[in-house]
Amino acid sequence: MALQKVNLKIDKGEFVSFVGPSGCGKSTLLNMIAGLIQPSEGSLLYEGEPVAGINQKVGYMTQKDTLLPWRTTEANISVPLEIRKISNAEKKEKVMRYIDMVNLRGFENHYPMQLSGGMRKRAALARTLIYDPDTILMDEPFGALDAQLKLVMQDELLRIWRETQKTIIFVTHDLGEAINLSDRVVVFGAKPGRIRMIKKIDLPRSRDVFKIRFHPHYGEIYEELWDVLEQDVGKGEVV
Amino acid sequence: MALQKVNLKIDKGEFVSFVGPSGCGKSTLLNMIAGLIQPSEGSLLYEGEPVAGINQKVGYMTQKDTLLPWRTTEANISVPLEIRKISNAEKKEKVMRYIDMVNLRGFENHYPMQLSGGMRKRAALARTLIYDPDTILMDEPFGALDAQLKLVMQDELLRIWRETQKTIIFVTHDLGEAINLSDRVVVFGAKPGRIRMIKKIDLPRSRDVFKIRFHPHYGEIYEELWDVLEQDVGKGEVV
Amino acid sequence: MESTEVAAYSKRVQITRMIVVVVLLIIWEVTARAGVMDVSWSSYPSQIFGQLSKWAMEGILWVHIGTTLNEMFWGFLLGSAMGIVAALINGRAQTLEKTLNPYILAIYSVPPVALAPLFILWFGLGVTGKIFLIASIVFFLVYLNTLAGVKEVDQDLIDSMRIMGADEKTIYTRVIIPNAGIWILTGLKQAVPKAITGAIAAEMMAAKSGMGYLIMESSSMLDIGGVLASLVVLLIVGLALTELVSRVERFLLRWKTA
Amino acid sequence: SAGQGKEAGEAGKVKITMAQGGDGLIWLASYVAHEKKLFEAEGLEVETVKMDGGSKATQAVIAGEAVAQAQSTIHSLKAVSEENDLISVAVLNKEFPVFSAISNEAAQKAGITKDMAVEEQIKRLKGLKIGISSPGSSTDLLIRFLLKKVGLNPDTDVTLTPFGKGDALLAALEKGAIDVFLYPSPYAEMAEAKGKGMVIINPNKVKELQGFAYLTLQVNKKFIEENPETVKKLVRAYAKASAFIREDEKGTKEIIKKQFPALDEKVVDLSYQNNIAAYPKDTEEMLMTPQQFSQNLEWLNMTEKKPVQLNQEQVVNQSFIEKTAK
Amino acid sequence: MKNEAVTIEELHSVQQVKPESYSVTKNVNRLWMNRILIGVVFLAFWQFASGRLIKPFWVSDPYSIALRLYEWFSTGFIWIHIQATLSEMLIGLALGSLLAVIGGLLLGSSRFLGDVFYPIILGLYSVPRIALVPLFVVWFGIGMASKVVLVTVVVFFLVFFNAFTGVRDVDQDLINTLRIMGASKRDIFLKVIIPGASRWVFTGLRLAVPYSLMGAVTGEIIVANQGIGYLVSWSSGMFDSTGMMAALFILMICGVVADTIVTRVESKALIWKRNE
């Protein structure tokens, strides 16, 4: 049993992060929201409707890389448009816009193999965004990036969120990242996962991720969340 | 060319961390120290001798997982002892001691596939330690772990380092981790990699990794290193 | 690492390979001539080469190679197309695949040669029968490999496509088929030599031309040199075709090595 | 197969396919007919498909994929007994042209000599390894018949192994894998000429085998019904070929040499001598006598668990032989 | 309510269960029922068609085949043939895979030797062995040996290429790690290369098993006086389609059983590949 009696409401346009020990069921919860697996008990509503089958209203950047390895960056980003049968001209133009947005200009014709971990994450982000879903699920999207690049990407993500007004559910292991980005942080306990705390992050918007950690409240919030998390240290590491 | 004119001396028993943007040549440098690749110019001495061929005096925990997938945890950890033809009884006893040290009791008979990312890292660590080399090279050993577990592992590593007096060269993307652990932090610039800064971390030993970030100097050191790193943000991301 | 080094290495490899082959041929020639080996049942290189050039000059060789290549081409095309299609269907329909599996395995263990009379009855003595026999051999290799490829597909890729609203057809064309590509090519590569064997077996069973016919003719005329000369031709054909498939593979899989 | 036998094209030639179950001098008439353009003379364009063994060739004719074959009579009887449509229209070999070779070593060990009585030769085969073409073939039946005749058990007193074709048998004999083999000429003669063995057991010296209608021209029954004229032409071509073999020794030997370039003069002579008498002198000899028929049937039933009941009319149609052709 | 994107109430989840393993027994029963159904329908159609749509001369009919099989087994006549074929197959399989594994390991672990010899072996692979069966007979006699050699050669190629690729595919990082620990060549060979290549070797074996059976039978069809292949060619030569089909049926059973065994052994040997 990966999850135990979880209650949570997420508003439209909200940015919510999930943190918690490894194996506590964060990815499982995202999978349920995406409709990839069904909860065995309790209810999960999306915009008031129970999720039955694949939920095509959400975009999902999974923890694992799911770019198609045999397609170039450009061709990968255009997949959602192909599925919608968008005309070629429009497609080309739109894909280019998103390639610019995630700073991949110059790498349009590279295959995933030829991209670094960070670039792949950015391509996957562009693919999720171009699909233009109401809600975006992101499972440790910046885990593989180095510290500096991570901040750059967080900055970009906040900009995009501001501009597009999407709902974002974001899973991370990095407490700082969760605080930088979120309206609320949901802390899960060790397995079987249950919610230990839901913390509203009352730092001002819009935030500068490069500076926000110097905000007077930042340390407090970090401490508070950390204390909750620490209770489960080590407990999560069960196969 | 991944590295450009690097000059660096590391003392016996020192704990040195390498940080720098992705692709700047940190792993390349470790590979050279291990003798897996030869520098095309300049010299690399280990204990005063040029490194020619595989350097068997070091232990190397590579960035990638190199546990043998067809061996259980126990059998993996005992590989270095098998190579040295240690008697079975002694082997068994020693392996169990190291399994305890890295907290893997109960998982002796699991195959790597059945372990979580963190457990695999711990098994690899045990294998490196049991081999008992003078110098340990570690390439992002805790990158895959969640925030809390990371601290636990750092704590353990420091304990082991204290007890065994080994030289440790440690690569990480996490600036905080580098500061927590090291005597000196070496900051590499974007490709072609060169050393931007070598920072002595004058925080008191022995450190408590769970508390050290509240030390009055910590913030300063972080800032200073961060400013140097920031110059290269984004530049490193070239394939 | 450096390209000159690579070039020097591959040159060294090629020269060594040549030396090995030449030395073996010389040993063969010398022992045959010295009477160590019974020439009438093993021939020797110069005789084989002489036979080859004679056939080439007379033009017989080209006719027979042409026949065999033609059969192989169509048999290969038919067999691999059927193998791929069947595997694509079966690979996604788990119950169907599991149900049929023992039957397919059973048929797989029957040597096509044993079914010669039925092939004659249904497809005649002409080219058709040979094409079908080759196809039936190629079919299994391609089917089994493609099936492995289809089953190997990363479910996460499929899920991610489905969340984006892809229908089953899109998933097939965009994910499953490209993913099975490497396996299909492995199957095709294994099938090349089998297709040659199939063509030869079919032509030895009943033929009026083709390399298999040439082998049978030579053999009943007690001309071992002729048999071996035909085999040399097939060896070259096999190498050339394998190289061709490898080239196609390298082109299609450039995303892997790039 | 469709359209076979129909008038084809400008030359007005009729195109037909014949099956041939291997190579050897029992098909000498076919070689001659091709070489001497006897088919063309009849307005036939004959394409020969070589098959891997007589039973496959027979199956091809039954399936209608080939219209005719020159094949051992026993094969046609066996096939017809399975309710199939194969008709013998002419006798092509009226003797038993299957010869045996024994390796020198085996001959010495068994004490077999060339001028020993045939029955004595057979008796001394006991304990030897004998190569045949395939189970149920005429080589198989022949050796079984001969062994039984002298009171030996073919299943226990010797080891019979099938090798498919003559070249494989010859190779096996030379390499000592077998001691004796039986096959239509020229393979036994080859063994002798190469100095590896000698030809023994001339079947035509065995009383029961004299005048044995060994080889017939067999045609698909449906084809006969639809193309009686073509069949007549085919028979006529074979009649001419047979006559040529009897009359033109030099010409025949040349054709043998052309067909088997590896044979030297000696083997050609020997093979010709061994086979010449099997070829009908005239069309009269191409008719199958009731006695020949029952001889064949007896042979077939020698190995059958359930004896085959057939009468000659079911299997043989002699109406295409023009008795006055000579 | 309107403003809510996601609402989660009292959510529970059991650990993910793979769909196939759900109510295993029920599915297995269904599977076998379907299989048997297909078999029965096929046999029924065959029985019906024989004599109506196609002459029994060509395909016989299931009833007669069953009778023949019964006769063969009840008299014990068949065992000697099954035994002959299986022993040729097994000995050839063992010899062929042993040679192939040795060759594949040797050529795979030496880059230079591998690069030199690989294309030569590839070339030999495309020589149709069926043309060489008579020569095999000349060289190795008519007994079991020639068939064993044939099977050995067939198996060799299939397994060789896999063993070779397997060795080449072994993760260089694993090798380096052990070298840094001071491992000798032998250590690396025993601890890394051999276990690493085993997955590929098994794939090769799985392909080779049906081919080894086919190789033995093909050899017997051409030269033998024992074995299932001999029964096939004997029946075929006697126009006995019942006997031929019965022999082929036995062959099919052998093929399915052999594959099942390899699959079982493989899943035991490669236990580390399966994650729980």
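Just so it is clear, A, B, C, D and E label the chains in written order, and each chain counts residues from 1 on its own.
In this section, contacts are C-beta pairs under 8 Å (C-beta built on N, C-alpha and C of every residue); 3 or more make two chains touch, one makes a residue touch a chain.
Bear in mind that the values here come from a model prediction, so they are computed numbers and not experimental data.
Any chain touching subunit A that also touches subunit B appears here: E. Listed here as common contacts of subunit D and subunit E: C. Centroid distances from subunit A, each centroid being the mean of CA atoms, peak for D. The chain with its CA mean position farthest from that of subunit B is D. Judged by contacting C-beta pairs, the busier of the interfaces A-E and A-C is A-E.
Centre-to-centre, using mean CA coordinates, subunit B is 50 Å away from subunit C.
Put simply, the C-alpha centre of subunit C and that of subunit E have 18 angstrom between them.
Residues of subunit D in contact with two or more other chains: 56, 59, 165, 167-168, 171, 174-175.
The residues of subunit A that reach two or more other chains are 110, 114, 239, listed in rising order. In subunit E, the positions touching at least two other chains are 134-135, 138, 236, 276.
The chain pairs satisfying the stated touch condition come to A-B, A-C, A-E, B-E, C-D, C-E, D-E. Every residue of subunit C that touches subunit A in the complex is listed here, in rising order: 154, 156-157, 159-166, 170, 174-175, 178-179, 181, 254-256, 258. Touching subunit B in their complex are the following residues of subunit A: 19, 21-23, 103, 110, 114-119, 145-149, 151-152, 173-175, 229-230, 232-234, 236-239. On the side of subunit C, the complex with subunit D involves touching residues 38, 40-41, 116-117, 120-121, 124-125, 204-208, 213, 216-217, 219-223. Against subunit C, the residues of subunit A that register as touching in their complex are 34-36, 54-56, 58-60, 62, 64, 66, 68-71, 79-80, 82-84, 110-114, 131.
The touching residues of subunit C, when paired with subunit E in their complex, are 10, 12-13, 16-17, 20-21, 41, 94-95, 98-100, 102-103, 105-111, 113-118, 121, 144, 190, 192-193, 196-197, 200-201, 204, 212, 215, 219, 224, 227, 230-231, 234-239, 241-242.
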